[in-house]
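Residue numbering begins at 1 within each chain, and the chains themselves are lettered A, B, C, D, E and F in the order written.
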């Protein structure tokens, strides 16, 4: 079989809908657009941090013009993407109305989302001695990027929007290495330093003034399976009360409560509840001196 | 010396080929194009997940047109990038023929790559209780992104293509924080949850139905050096048999075998072989209550 | 209130400068441009690795033309971004002169930055047996990407440029998962393998021939607060002497010295100084065999 | 009034809907998109001249894939732009159905449009001795560009589509300087050489095998006005029978018939009917010799 | 000489500043940016025809936001391009202030420019029986495109801005084939139908309610030269009083006055003044019937 | 037949190669790329008018860098487009060598092309009293745009390159309305004012110091046909000796010689030879006064 035949044959072969595709119902209509969602996040950044993202803001009127223009584009794009998330097609008016309504409800929530995001920035500035200005935090710190996406995604999830919230947090995950499930509930004045490898699971509840370092997992330990062998979506991630700090690369797993004002050291594997005011540290490593140049 | 002189002087200075460059033979001809490789991955996604990536698919004929168009562009771009990878220039016909041949051989492998990728998605849906739809996995989950790139790269590597496979897995590494060497051999129904920080080394052999969590390293422990002091490329990474699960931030190092149906807990440093049906957990952390507000 | 009213009301609401914004002084003029900074990095890559990034280089003259053109654009863009970093506006000539002067001083440093970057590549080639060519390292290895950005950013920081250096290292952090503060001092022949999750803090001092693996943190343990409760920026990160290797996911915290020729194993939490020629390993994990199919 | 006040005042002033705008009803909803219409023309060129515009065509199957893909995108975009031309908004389903229907009717007409366009190319090759290949005509000759747009626009106009046809012919007008109203009726084997300045009015009827040169006007001489003083849209442009040639810069005006097999010379102002087989030439110019260096 | 030498030699040769370049002083600093000027025109279209160009306008507030945002960008870009037109560099503050001042003065003129442009549209709708809607005129008619650019350019010229006005009218010339010098003075209710080839010279004075057709030249007949042999810029183009119509391809040349309410037929070469209420027509062409198939 | 069937049917129908396509041999391989040719022109403008097109030029060295970089890209792109023009495919080495050779020969001609283009600019500055600076001419005047393309195209045509030259002059035709065939021979100090509608035929010979105005045609009057009825490509366009001026909208047709130092007035139809020092003017138009308000 020559090259031309191989190509033709493979086009035919790959055009057939495989059993996997049928089983997974991956044959669909329009899908949400990554570009559009990315633009939605961008517009919200311009609305929430005017002057930092988007055009230069000269004065109050300038602020008003720009926020107005962003808000209109936001509303248009958001309802479109919500509609696509519901897999509703253009003719299905009921669905379209619902999407419009949710978009407006979300817009009503923006000032509150803004307020809480500024508490996260304040917390960050108190956590990291390397901070030289708020500009630096807003511009450079991955935690801002991830919390903007998470707090938007969480709001949309509470409004019942499918798929879209997860796409948003995965966008932030890809850029920052911080993976916060939109279902997690996170309080005010939340900060993450460095952050690469942080995972916060779907049913986590995190209080106020909590700080995490890179590589921290707030995960599940064990799943419950239903009679069909599918994992059941129950509360399975930890609860962190107020004023908890978790150092780098520690894993806190299962539906356990970490009491308020607790410090968890680095590289800890923690699967049991901890009372308030605790301090958890790893067992001391074994150390020896060697001079033979060998590795470990 | 004024500014103009400094600029001129530095242009001259930097135009000289340094000894390092000579030694490293970094003076080269054309290099593979990142944009072109990125487009190759994109085309393969449209071919393997039609309707999810690329244009809307209306019906069977529509699927056929689109896969046909993608396949042609794929073939053209792939053979060009393979050729550049071989650093062969346009006049060297032998090399050009070889590149064409490899491109076609790769195209023959696409249906099998597709089949296995769907087993990965199936595995993912069984691992994570937070999954609400297959769309969500295909769109959002970093593991899909990384496995698409890895499985393509691995196929190209087995066909003898240099450089290109590694560029592909590094692209996925950059986006997902998951670093799978194209040389690793990974079975079906493979899943990685969250994934940031996962490293799978060049000579790893991974069975079917294996699940890894974020921060897991399947690495080398010690290198063998040849008489010139250069590290030798021998099997040096672990073998994971079927049905192994490794929790977050654990490192499994060296050419050791982890027996089938084993669970490795989180934050483990494992450098010795483990029999089937094992369960490995970290020693309990030290905990104490404190009320003096101090850190660790 | 109907949709139109809600939108209008929210535009007004969000146009008001909140107390947080006033307190954080986030109302500003022009900000540095992410696109421009990204282009600056790109130009430096073309200057330092001619033929690998940017147009094909044919011969010495070709090299000279291209480096000349890149250098001019670099100078123009760099002084503009330095000026924006100083938040100086166009009329403030003093500031403009200072920015020009710094840009030229930086340009004088490029040949030395280039020299050191080539030592990093050499180190990388000696660390990883999977390396097949220098092209592969320059093109594929995240460590190159991160060290280019870090070494540029560090040079700018020593010249007194604010904000810009941090933006540069965060760009690399986002792409590679490796977070090196521009303030850290890192010697020659430095290599990081895989690298996701690596954190190197602001006051670290790292010797020559040091190798880190993924997930390694060189961090702070405890902050000193001033009378206002703000953390004070003192030396608080470790010193690694020459020839130190740290394996995956270990954390070395606080202003401690790790003596030369030391190897730190993986998953270690290290907060105390270590003499030269040490070898640190984790306590052995608990292992048991089970056949009941349960997780951990 | 300072700069800031002037800007603010003018924003307010220009935000007010002027009387002219009210009178002209220029306040509207969505308008057709120039980009989308431009893409529609582009897709039709790829369908009608496969291999000349769009991707390289390798063989029959390749042709089939590409035409299939173009056809789908064409259908989607065309119905959208038709709908916008009808100023119908998304909820108005009747209008949406009508737009869909017209788009399909138009698609049915494409093979006939293609056939006629190839007669124009054939005519062009017989008119111009400078032609060296058909490729040259299809690629270079403005007449092809203008006839593609005109023949598409005319078909859409006969299907009752408003605005869109005129936008299409104005696009060609802008690129070629040839202004053919979509309402004109033009036979087969039509050619225009050079063409800049050619105008063909709305009610023209042009036979087969007609050739025009640059600057030729087939225009109206006099309008009829209705009782409100508005010009009435009656047949007012000339009829050119088969085999008529009109040389450069001549104007033929009014509802007059130019009989078949007639040649009209250049720079003629013609407002009266002409019988078949006529030959019209300008009166001889006045010539004198001068040696005083003066202009005219 | 081989290829490499030829290239090198020619680079050197072409790098030398030729005598022509010295004589023409074509060695300069920054030049105005075509892209920026194009954007300025675009912003003015959005301000003057909101809803037709730029984003959809929903209501009064929407109009206000969008005009506000456009106005700010306009002001920023315009003063930059004016500055570049003055060839003034950044440090020359006097020049910068002047540019800012002119930009603001121009902004004050926008409402009047808008008013007059709407009279042109009104005139166009009364001239052409083929008009079906005002949308069609604004979207499709080249005269709108050319008059927008001309009226902006003329305003800038009266404010003393060099080069920029001419670039603007040449942009319209390129797109429409209508060449209006920014220095010409043109009254209200001006219309041009088809328009390709129309030329209106620098010192023309055109009254109200004037209509021109394609190919009409309002040009100079004879130049006056100064003692150095350079042409002198004196009034040298015609004056058209109110209510004059000129048909296609006619040329009116020299500082002559065409009296009000005059009609000039097509293809006329007119170099003498004409009293009011005149009607000018070409001498009748010679016509003969022929049957021998020959051309002219 | 429903919509889906109509689409499918038409895709099949249009995929068939029609008889016209077979006859015209329009089935081809790769075609020259409009984008690449456009870039070639752009590079030549940067080489010939450094500082006017492309980046700012600071000094001699800057000029050298930029011309070097442009020259390399020019050489690469030009030989590729020449090769495509010869319809030669990559393996055909003979053809490839020829294309390379022609590209180099062309590069050798650039300094001479530059010299002559500067004479055109000088001529333009002496023709038009509205000129305020050379910058204005280079930036704004369509004649520069058209002469750059023509003089490049003519050089390529003399080197035997097919198709490419015509595409270049048609690009300029589209932008300026001036249609100069690349085969025409045009002397130094050539100028065209306004220019829309100018046509200069393939076999024209134009001396030095010739000036044309808008709408001038230097065309063919009559074709000679061969035994197959195809027009024969013989000398058929006029010869204009030195110092000839032709005013707007005149047509000079056939292989006639216009003697040196002749002035041809506007709107003339000239088909007979004219001795040196002639002055040709149109017969006087008929003029009458009317007061009844009627048109012509």
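Operating definition for what follows: a contact is a pair of C-beta atoms (placed from the backbone, for glycine too) under 8 Å apart; a residue touches a chain by one contact, two chains touch by 3 or more.
The shown structure was predicted, so the numbers you read here are calculated from the model rather than taken from an experiment.
Enquirer: Identify the chains adjacent to both chain C and chain E in the sense defined at the top.
Expert: Neighbours common to chain C and chain E are A, F.
Enquirer: Give the fewest steps needed to get from chain C to chain D, where each step moves from one chain to a chain it touches.
Expert: 2
Enquirer: Under the document's definition of touching, what chains do chain B and chain C have as common neighbours?
Expert: Chains that touch both chain B and chain C, as defined above, are A, F.
Enquirer: Report the chain whose CA-based centre is farthest from the CA-based centre of chain F.
Expert: Looking at centroid distances, A is the chain farthest away.
Enquirer: Residue numbers at the chain A-chain D interface: does the shared fraction exceed half, giving same, or fall under half, giving different?
Expert: Interface between chain A and chain D is built from largely the same residues.
Enquirer: Relative to chain C, which chain has the most distant C-alpha mean position?
Expert: D
Enquirer: Decide which interface, A-E or A-B, involves more C-beta pairs in contact, and give its chain pair.
Expert: Higher contact count goes to A-B.
Enquirer: Whole-Å distance, chain B centre to chain E centre, using C-alpha means?
Expert: Between these chains, centre-to-centre, one finds 58 Å.
Enquirer: Express in whole angstrom the distance between the two chain centres, defined as the mean CA positions of chain E and chain F.
Expert: Spacing between the chain centres: roughly 23 Å.
Enquirer: Please list all residues of chain E that touch 2 or more other chains.
Expert: Those would be 11, 61, 64-65, 68, 72, 177, 196-197, 215, 223, 247, 249, 265, 267, 281-283, 295-296.
Enquirer: For this structure, give each pair of chains that are touching.
Expert: Result for touching pairs of chains: A-B, A-C, A-D, A-E, B-C, B-D, B-F, C-E, C-F, D-E, D-F, E-F.
Enquirer: For the complex, give me every residue of chain A touching chain C.
Expert: 47-49, 51-52, 56-57, 60, 63-64, 67-68, 71-72, 75, 100, 104, 107-108, 110-111, 114-115, 118-119, 121-122, 126-130, 132-136, 138-142, 175-177, 194, 196-197, 213-215, 221-223, 247-249, 265-268, 271, 281-283, 285-291, 293, 295-296
Enquirer: Help me check something: in the complex, which residues belonging to chain F touch chain C?
Expert: Touch list, chain F to chain C: 55, 58, 61-62, 64-66, 68-69, 72-73, 76.
Enquirer: Show me the residue ranges of chain E that touch chain F in the complex, using the header's touch definition.
Expert: That would be residues 3, 6-7, 10-15, 17-18, 20-21, 24-32, 162-163, 166-167, 170, 173-174, 177-179, 181, 183, 196-199, 201-202, 215, 217, 219-220, 223, 229-234, 236, 245, 247, 249-251, 253, 261, 263, 265, 267-270, 274-283, 294-296 of chain E.
Enquirer: Okay, in this complex, where on chain F does chain B touch?
Expert: Listed in rising order, the residues of chain F that touch chain B are 4, 8, 11, 58-59, 61, 65, 90-91, 93, 96.
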